[in-house]
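What follows is a set of structures to go through.
Next, two complexes with chain A in common: one pairs it with chain B, the other with chain C.
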Partner chain A sequence: MSMFKSLSAEAGAEILSAMRSPSYMIPTLVFPIAFYALFGLVLTQGREMTAYLLATYGVFAVMGPSIFGFGVTVAAERERGWLQLKQISPTPALGFVFGKFITTLLFSGIILALLYCTAAYGGIAMPRVVWASLLGVHLLAIFPMLLIGLSIGLLLRSNAALAVANIVFMGLAILGGLWMPVSVYPEAMQNIAKLLPSYHLAEISLAVSQAPGERNILGNLIPVVVATVLLLGLVMVSWNRQKK
Partner chain B sequence: MIRNIAPISLSVLAVGLASLVFLLPTTESEVGTKVESSEEKLNSSLYIENVRLAQSGKLGAPTNLLIENGIIIGIGSEIEAGGLEVFDGQGHTVLAGLIDSHTHSFGSALSDGVRFGVTTHIDMFSDSSVLTQAKLDREDVSSRNKTDLYSAGMMATSPGGHGTQYGVHIETIETVDQVPSWVKARIAEGSDFLKLVYMPEQDWVTSLDREIARAIIEEGHARGLKVLAHINTDIEARHMIEDGIDGLVHIFGNKVADDVLVELAKEKEVFIIPTLSVIASVANEKVGHTFDETLLSPMQRQTLNAGFGVDIPGFSLENALESVKLFHDAGVPIIAGSDAPNPGTAHGVSLHQEMELLVRAGISEADVIAAATSIPAVIFELEGRGELQQGSRADFVLIDGNPFENITFSQNISSVFKNGKIVERKVTKEKAGSALGPTIISDFEEGMNTSESFIWSTTTDEMAGGASTASLSESVEEDGNKTLQVDMQNNAGFPYPWAGASVFAKEGPVDLSGINSLVFEVKGTQGQYRTMAFSGNTRGVPPTLTFIATEEWSTIRLGLTEFEGLELNNVNGFAIVSGHGIGKTQLYIDNIRLEE
Partner chain C sequence: MQNDVFAFRADNVRKAFGQKIALDDVSLKLSEGITAILGKNGAGKSTLIRCALGLERPDKGQISIFGKPSKSRAARERVGIMLQDGDLPDLLKPLELVELFASHYSNPMLVAEVIEKAQLQGFENKLYKNLSGGQKRRVQFALSIVGNPDILFLDEPTTGLDSEVRRSLWSTVQELAKSGKTVCLTTHYLEEAEALADRVVVLDAGQIIDDGSVLEMKKRLGISIIQCSANLSKGELLALPKVVSCKLEGTALEIRTSDPDVTMKALIAQHPTVVDLSISRPNLEDVFEALTQ
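The block that comes next holds the complex of A and B.
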């Protein structure tokens, strides 16, 4: 019970802290919705693109809170010695990660809800099971993204972390085909896309939302799982190194 | 206090997202129905008693069918209902679900097909984006009111060649080098086979040359795909047969096949889908049908009543009929295909017309029924289709009478079953437009777009990949009368260029049943111009009437019923455009109105 209490307290504090920092709130909440409204609704003709971008922007939407929420804040807190303090204090050290995870989940959920409402306003109608599976895929996308953020946060100093997080964030979004289909890129760029978890997550989202084109969910799921496992390994190594 | 934030906000989020999923707009799409019907599937057994199977050239004795989950699991007079739901077949004849082996399946094609007993379409060119879904759908044995689709997807043609005129995206082929990647792309998109257009003898359109056509055939075969060809003449047919084509998707009509060609076709084991229905339409011969007119969908009515509107030489139905008989007698497989929805044909309906034409060519009723069922099933490897036996799909048609005595009995459909479920044959009514009485669309005195119901804009072949341009402006006559000035420039780029002005109903289709004619005053560059009319289900070339303009004002009066196939209760608008020629023209239009 005390474990639950301490984790809840940790998560509650994280949520409050996130809510109180507009520099985190506004970009992560507003940007994906604003971009989607602009590129998916206003600047396109026909609902095909609106539906296509809904699938890919869902992945983009959860990237913000995952990469920045972990990458930048962990790096800053680590530099201030906060992480070290946590690790030697009697509370479970992973509570620190847990709190951030809950915050990320909460924010991602809110952004996704707003994104879906925007899409619905733009005329997208899909079978209920598709909406539900799309939500499932987008929520699952949090895990690899969060691990990317956490690796950045654990490995880099806070100044570098912000810069790297930005580059990684943009790279995953653009090269992964979250803003526009990778099929419009030259072949070399298309090959890079296939190395990115964001690309495979977007393909899975597109497959469940039945976008035109042939897709093999398993073929996209395996790279995502592999990437997640590798990232988890990286995080564990850097976490333990941190302890020493 | 702080401890409560996370649990509460997460609960709120979970409940919020869950209810959002239920509140977001849904469609009754395939997935939705699939999910619902998977439960239904479990008890989708049906017992059909007292029917007679018409296949393999014989009308069988009364028998019973047992169906489970969309599959026939038993046929025989000894089979009993065993407590299952019973459907009384009343002694009707059962035909295996018909296969139309030459369609272009868009619009209401798949629902129109199945309502007329055509449960499988072999599509010879349509938008490749539908292929993935089509593959899923045709494997699904749950209840659906839709024809199953196999397709060539995008077809192989040259820049500006046949096929590029429909506004469907085509990657054309110019060199042999492009062939491997083109074929690879089709396989990736899900083409079930390949179709190429080979008509180098036609001087009005470009074509793939023989070398490229041969490369496509070889590449397709190397990758395990059948390759079919669209040809126009006997010589083109001979080239393709010599080069190893698997089948021809039309018969030629320019002359009767000679013995050498027939022998060659036999030796090379090609099959032919003659599409006599569309050749009859090109040759201006109406075939007719005995179906209840109220069963026709708007698209069926429109395409069936439409005509090609031009005389295309080299299409003699008599030659085609004679050649079909020669090939058939030599042992070349003949397959029924309609080429619907080309002008003069309609999905579903025209396969029955095609069977009638094949009988007219001199083929026996038994062989003709096989040409629409078992033969294409074998040739296109359609497992479980084309023949009714234990284990085959429960796709079949109940008709009155013995089709081996009279092929037109295939049109006496009493019911259609798709995946073991009875098909709703009535057409779901399309919403008619709001009624509009006689009205002045525009007199242009207050400007172009002052009408409450209509809006003007330019229309050109740019939407189909052409390069023509048009502009609209106001013009003032010497007496102060204002008119609409339309400047049109037809440029080469699209095989059938157009440019001009369109006027469309602002708030969706209007019901013009109470209107007799479209009237306007016109003057301009002397020459022929076209007026097109668009209604709810217009697909392909809209019904068109021509008029002559001179440099003096004249009044043009076009009867709305003369626009063949126009759905009067569902009109979207009209377009006044240039003639076919390349060049610059100018029109002044005034007082355009709808009169009783």
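The block that comes next holds the complex of A and C.
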């Protein structure tokens, strides 16, 4: 009972902090919807592109809260000693990660809902089971992205963390083909894309939303799982390192 | 058996960072009352606190809090802490921070009581980032007492506070100590240790070099200070009986003596022009200077 109380207090505090931070709210909430409306609806003729970008923008949408919510805030809290104070209190050591996770989940859910509504308004109609599987894939994308954010937050000082989070955020979006199909890139860039979890998550999203083209879900899932496990290892090592 | 359990106990603790030895075979037992750990910068005060809290692992030796390892939940439930560099999130309000921390403990103080004790009234609903330095420090203090701790570690609690805020924090700490809690504070304000502490532990270069009440330390130093005003030379002063040392600033004289009665009588007999006489015991600063020389 007290564990539940403590964790929900953590989550509540995180959500309040996030809502009071325009530098968090604007890039995470406004950018994905604005870009999708512009590039997916206004500047596109074909319904096909609207559907394509829905799949990839869903991955982009969860990247914001995951990378910024974990990367930038953890680095700042670590630097100012807040994290240390929490480690000394009897709260479960990972309580603060839980609070941030709930915040990320909440904001990702809000953005995805807005994104799906925008897509439906733009004329996308899919069977419910497809919407549901797409939502499942987009929510799953939170895990590797959150681990990227957490690694940044644990390894870097807060100024560096903000810069690196921005670079990683943009890099994963552009090189991973979230803003435009990788097929329009030169071959070298296409090869880089294949090293990025954002690319493989986008491909899985495209596969479940039944976008045209041959795709092998398992072939994309394996790199995502491998990346997630490696990132988890990195997070655990850096967690212990900063705790020492 | 109960009497053997100390609020805090360190046995032969040693901690080095590379070549630098921060704590060298430190043993310390704390029970009720206020103990000040006094030392210059780099003497090992913060390292001792960090080891006590389990933030640093000692290279050698044992540390326990009420007989339990520092990192155990049982110990953490009974510890309150104000770190030297424990800044809080900018975008939360003091009231929210207190409520958040109250949720971490199984037997917390009432939020209203914390607000009152730490004197947060008037700014409990302002964002932390908009608070003054003194207000921020008081919020940090509030978080140290919210868990209703039996032992409170305050690492340089009043650094950067104006004297009014400092005094109000002192009185809260004294109140807590009166209610049976153990308080361990580090400070380099001697005035703070003198005003607050029942016991002073002097740390120098990682070792405890003295441990006792302020009064005991002053006695141990065994000198008194005679202040007066007269037109005398250093040679004339040092010629007086029992004088240890003296300071001159124009006609203002400060004479340190191991026997104030004897020195005073001789001073008046030999130099009848002397005025503004007073005798005082050394303050802690004098003791500290003598110890760490």
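The criterion applied here is as follows: the second predicted complex is superposed on the first by the 244 of 244 C-alpha atoms of A that agree within 3 Å, B and C clash if a C-alpha of one lies under 4 Å from a C-alpha of the other, contacts with A are read in each partner's own complex, and residues count from 1 in each chain.
Note that in this section contacts are C-beta pairs under 8 Å (C-beta built on N, C-alpha and C of every residue); 3 or more make two chains touch, one makes a residue touch a chain.
The shown structure was predicted, so the numbers you read here are calculated from the model rather than taken from an experiment.
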{"item": "Superposed model, chain A: greater residue contact from chain B or chain C", "value": "B"}
{"item": "Chain B versus chain C as contact partner of A:81, first or second or both or neither", "value": "second"}
{"item": "Touched partner set for A:128, first chain B, second chain C, both or neither", "value": "first"}
{"item": "Which superposed partner A:5 touches (first chain B, second chain C, both, neither)", "value": "both"}
{"item": "First, second, both or neither for A:105, with chain B first and chain C second", "value": "first"}
{"item": "First (chain B), second (chain C), both or neither touched by A:89", "value": "second"}
{"item": "First (chain B), second (chain C), both or neither touched by A:16", "value": "both"}
{"item": "First, second, both or neither for A:186, with chain B first and chain C second", "value": "neither"}
{"item": "Common interface residues of chain A - those touching chain B in one complex and chain C in the other", "value": "5, 8-9, 12-13, 16"}
{"item": "Complex contacts: residues of chain C adjacent to chain A", "value": "53-55, 57, 73, 76-77, 79, 81, 83, 85-89, 91-92, 96-97, 99-101, 103-106, 127, 143, 147"}
{"item": "Chain A residues touching chain B - in the complex, by the definition given at the top", "value": "5, 8-9, 11-16, 99, 102, 105-106, 109-110, 112-113, 116-117, 120, 124-132, 135, 210, 212-214"}
{"item": "Of chain A, residues touching chain C in the complex", "value": "2, 5-6, 8-10, 12-13, 16-17, 20-21, 77, 80-82, 84-85, 87-91, 95, 244"}
{"item": "Touching residues (chain side chain B, partner chain A) in the complex", "value": "2-7, 9-10, 13, 16-17, 20-22, 24-29, 31-32, 35, 129, 131-133, 188-190"}
